[in-house]
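What follows is chain A paired twice: with chain B in the first complex and chain C in the second.
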Partner chain A sequence: MSGRGKTVIGRDGLADLVAILAEDGYRVIGPQVADGAVVYEPLDSADDLPAGVVDDHDGGHYRLRREADGAVFAHVVGPQSWKRYLYPPVQALWRAERHGKGFRVIEEPADDGRDAFIGVRPCDIRAMAVHDRVFDRGDVVDGGYARRRRDAFVVAVNCTRAGGTCFCVSMGTGPAAGEGFDLALTELVGDNGHEFLVEAGSAAGGGVLDRLGGRDATAEDEAAAEAAVGQAAASMGRHMAADAPAVLMANLESPHWDGVAARCLACGNCTMVCPTCFCTTVEDATDLGGQVAERRRRWDSCFAADHSYIHGGSVRRETSARYRQWITHKLATWHEQFGTSGCVGCGRCITWCPVGIDITEEVRTLGGADKGD
Partner chain B sequence: MPTAAAATLEPMTPVPFRVLGMRKELPDTYTLDLAPADGDGPLHFAPGQFNMLYHFGVGEIPISISGDPAATDRLTHTIRSVGAVSRGMGTLKAGDMVGVRGPFGSAWPVDEARGRDVVIVCGGIGLAPLRPAIYHILANRPSYGRLVILYGARSPRDILFRRELERWGGRLDTYVDATVDRATGEWSGNVGVVTNLIRHSGFDPVDTIAMVCGPETMMQYTVEALRDRGLDNTRIYLSMERNMKCAVGFCGRCQFGGAFVCRDGPVFRFDRIAPIFRVWEF
Partner chain C sequence: MAKAKPRKPKLAVWKFSSCDGCQLSLLDCEDELLAVADAVEIAYFLEATRAQGRGPYDISLVEGSITTPHDAERIHRVRRQSKLLITIGACATAGGIQALRNFKDVDGFISAVYPHPDYIETLRKSTAIHDHVRVDYQLRGCPIDKHQLLDVVGSLLNLRKPNLPDHSQCMECKLQGTVCVMVARGVPCLGPVTQAGCGNLCPTCQRGCYGCFGPKEAPNTTSLGDWLADHGTGRRDVKHLFRSFNAGATAFRRESEARE
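After this line comes the complex of A and B, so read on.
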């Protein structure tokens, strides 16, 4: 850890942070605006960050607008999540080359780049911890994931504004990051100008913090940060019912599933944007001469017909069965499998569902009681 | 896996094995004997476990081990040709290569069944994953009570391991009965579903372990018939089939409620899955 306690840096401190991480050999990735959305892409400098950009979210609705205060992290989450870097959408697994009557298997050389992620929201930090339980279980480890994750430098940003579809408070995952980061920032825009309260969460984070300038945080700074985060928590419009796992498992045969299926397009958007969804398929390809074969792993969705295909047909033929699979896995059976919820309350699946299906509302309706918010 | 190098491999990387022998069992079913291409080391598995078999350039599929668990010099797999990979592997000859990952999954309760009667109910290719358990029980015959093997096939010409079934049935200490959906020609045996055979087979319902493998509908009726005979859910084991691409819990496709069929199964004690077994399309 850093010898320093919490520290306050100015707006230009962000530029220093990006520069220090780049100097240390990290590919620095952070939020920026592309095609009308906030995406996570490599940053050339802190100037790429989405200053003054605010995102409006609702079921099936997303729009960016500008605010004059120039806050860099006033947006919440974009349609992508960090899993695209830790567990990329397409991964080469290995190649096999013909050799006499047989073949030789050649593992893909491990990529060894290191990524620094700037602007990781508390819900997304929790999503990384969820994936650790999936891919780094001790008995079986996905080497690529474990390596990228271990080498990643995580700069968290505590949320000072609740997005329209967020429900992290009810999932216990936000709006403040408790652990799982190297550095955590809280953006302070107010009478003192534009500053960031910085806290180190690891030795590596402490080392970087030591090299950042800034001043020691005062009690007022900490109170201001706490108030800003508290304000986000207090204004959160959605919540997940606490008894969601029980409600789902008690209603596996409910007619309600047909009701969802009447709206759901089985497009799979919800699974692609979800930071914890991890289903994949594999693809085999050969070169034209049939001498070299390749195996790739690609993100897949439980909404796809062949996801549950076994000889003779899919186990889950109906959209109702596929939606039920998705939501029961996220909220109920994930607990049995990994000792945690598979949902971190980021709200992405609600925002990017083309018909605005809301995971929190589906649980409420299924539970029968309209408990309201 | 046999080679020392295998331990350092990524869980998704197959180990090359040579085809020692290829036997045609039925018009659409064949058996492959495999041995590691480099290194030898004993190949251990538990009855009921499966491997992921890779056919060069085509794909990789889960296939149960159908051989004798005491024969540690080879891996035996019995495969029905139904699609791209299973058909492609059917063209392999001795000396050709396949990729192997495994063994994976849970096993038939051959230890728990010691001292008890064992009733094995299977349909079609479902006999293949149970054959290692049968070998194990026969090799340790005095440790078990009655052994009942009930088998159902589509037609007389689809009866898998027919000569072995006849040999086992010829033993005084083993009861074998078979049935077919459609009789043809010289078949003078039972016609109808395999569950019909349960009534006539003698086993002690209070001290029997049942092992069931076949199409899911067949398993549903079998569980019912076994329960009617007085078997408790905790004494019934069945092997589930789900799509799987990785066999190590990464691909997410084999989920069955809270279970991953690849790691928590494929063999499940029925009471553990009873609440979801009948839920439509779950």
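After this line comes the complex of A and C, so read on.
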């Protein structure tokens, strides 16, 4: 790690950070505004970052607006998550070409690009840790994921504002990133100007921090950062009931599932935007002449009928069964499977559900039904 | 004895009531057209060639809906001559835009439009091909997506499963990273009840999905329609959303009728 302790950099320090990472051979990916949302895409420079942009979230509702203070990280999470880069939506597994009476697998150039992620929120850091348990378990390893994850450089940003659908506090996943980053920033916008408190969380992070300018952090800086993060904690838009796993498992036959199904579109948006949902399907493709064949993996959703298709039909035909599968896996059975919750409280599934179905609300309603009221 | 070279599968393309746009999608496969011609014998395709090879055909692509007594009789002949029958486009799979007549009195239209209504011989309704004969595969869209067409033909030639997902258009948005126009802009969008496959055309242009691929599997049109109505789309506009290219598809028809 760095010899330096916590450091304070100015607004220009962000430009240096992006430049240093690019110089080190990383593709630098960070938040920027596109098509009315904050998305995570490659940055040309720190100028692309969404300065002064704030996002309002509610069930099925998202709008950007401007704030005069120019804060770069006042927005919260966007519709995409970092799984887009660590576990891309479509991945070619292998390609082969016809060769005599058989076939031979086409050698592909090694996939060795390294990504630096800037602006990873504490909930999303926890989501990466969840995926590590899924894809990199020692006995079962997804090579591509493990490689990309190992080589990624993570710049966390502690949240100083909560979104209307955030509930990381009740999931114990934010709004400060305790670990799992190379560098963590806390944005300080106030009377003293616009600065960032920077902390290294790994040797690689320390190396980068050594090359950033800035000054040593004072006790006042640290107190200001703590207060800013405290504001986020105090303004969570949503709250998840602590007994969610028990409530769900006690209500597997509740009539409420039909109530959700009356609203749910089985569109799969919630699973696509969720930073921990990992289900995929496999598709085969060929050219017309049958000379080249390809097998690829693409994100799938438990809301698609095909997802539970086995010989003879789909197991989960009703939307009620699909919603129940999703929420019970996410919040309850994930614990048994992976030793952690599958939900990190990022709120994306609430915001990006076209009809605003709210995972925290559904648990509350089921809990009420459980108590017989 | 040397084995005879396997015979190329015979392909036929048939037209019923339609605008020809879906057949054009086949001709639009410029780069791939030679490969298609190499892989199959195009035995009957009046839009492209005068050749009228005789049946039976291994693969028949059927464009258009059934709107006349003659159509209704001819489709049975096509079916009899075809090993596999694939409907292409919203007309063939749901009756097309011309199924708007199904909601009104067709005689009224005829006398309003034609100087000699008595020359017009038409059915009261425009119906999908599957209302008349068995259909093996459906390619949705107005028009169809050429990649889906090539995929299905390729799958048949190579004995693999075609990639024709019946999930929502939203999945396509999310796979591509397209920002949701409904959530981020409040644009009414049929994507959540529409089958994917168009290549994500409208949402990438910040337009809502018009539903030209027709209803997805398990389409909850009522919930989407109610949400739109509660968020600023007028009742008539919600009705009209469901009453366009796929007005005759069962789920969309019921929803528009419920909002009369």
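In the analysis below, the second predicted complex is superposed on the first by the 362 of 373 C-alpha atoms of A that agree within 3 Å, B and C clash if a C-alpha of one lies under 4 Å from a C-alpha of the other, contacts with A are read in each partner's own complex, and residues count from 1 in each chain.
Just so it is clear, a contact is a pair of C-beta atoms (placed from the backbone, for glycine too) under 8 Å apart; a residue touches a chain by one contact, two chains touch by 3 or more.
In this text, all values refer to a predicted model and were calculated from it rather than measured experimentally.
In the overlay built on the shared chain, the residue A:D112 is in contact with neither chain B nor chain C. When the shared chain is aligned, no partner comes close enough to touch A:E23: not chain B, not chain C. In the overlay built on the shared chain, the residue A:E220 is in contact with neither chain B nor chain C.
Look at A:W94: by the touch rule set out above, it reaches chain B but stays clear of chain C. Judged by the touch definition given at the top, the superposed model places A:D191 against neither chain B nor chain C.
By the touch criterion stated above, A:G290 is placed in contact with chain B and with chain C alike. In the superposition on chain A, contact of A:A262 is made with chain C only, not with chain B.
Applying the stated contact rule after C-alpha superposition, one finds that A:V282 touches chain B and leaves chain C untouched.
Judged by the touch definition given at the top, the superposed model places A:Q325 against chain B, while chain C stays out of reach.
Common to the chain B-facing and chain C-facing surfaces of chain A are residues 284-286, 290, 293, 306, 317.
Every residue of chain C that touches chain A in the complex is listed here, in rising order: 32, 35-36, 38-39, 150-151, 153-155, 157-158, 160-161, 163, 165-168, 170-171, 174-180, 182-185, 189, 191-193, 206, 217-220, 222-224, 227. Taken together, the chain B residues at the contact with chain A in this complex read 9-16, 18, 37, 54, 56-60, 82-83, 95-97, 99, 241-243, 245-246, 248-253, 255, 257-260, 276, 279-282. Contacts from chain A toward chain C in the complex involve residues 34-37, 39, 60-63, 79-80, 84, 89-90, 261-269, 272-273, 283-290, 293, 298-299, 301, 303-306, 317, 319, 351-352, 354-356.
Residues 93-94, 96, 98, 101-105, 107, 134-135, 137, 140-144, 252-253, 278-282, 284-286, 290, 293, 295, 297, 300, 302, 306-311, 315-318, 321, 324-325, 328-329, 332-333, 335-337 of chain A touch chain B in their complex.
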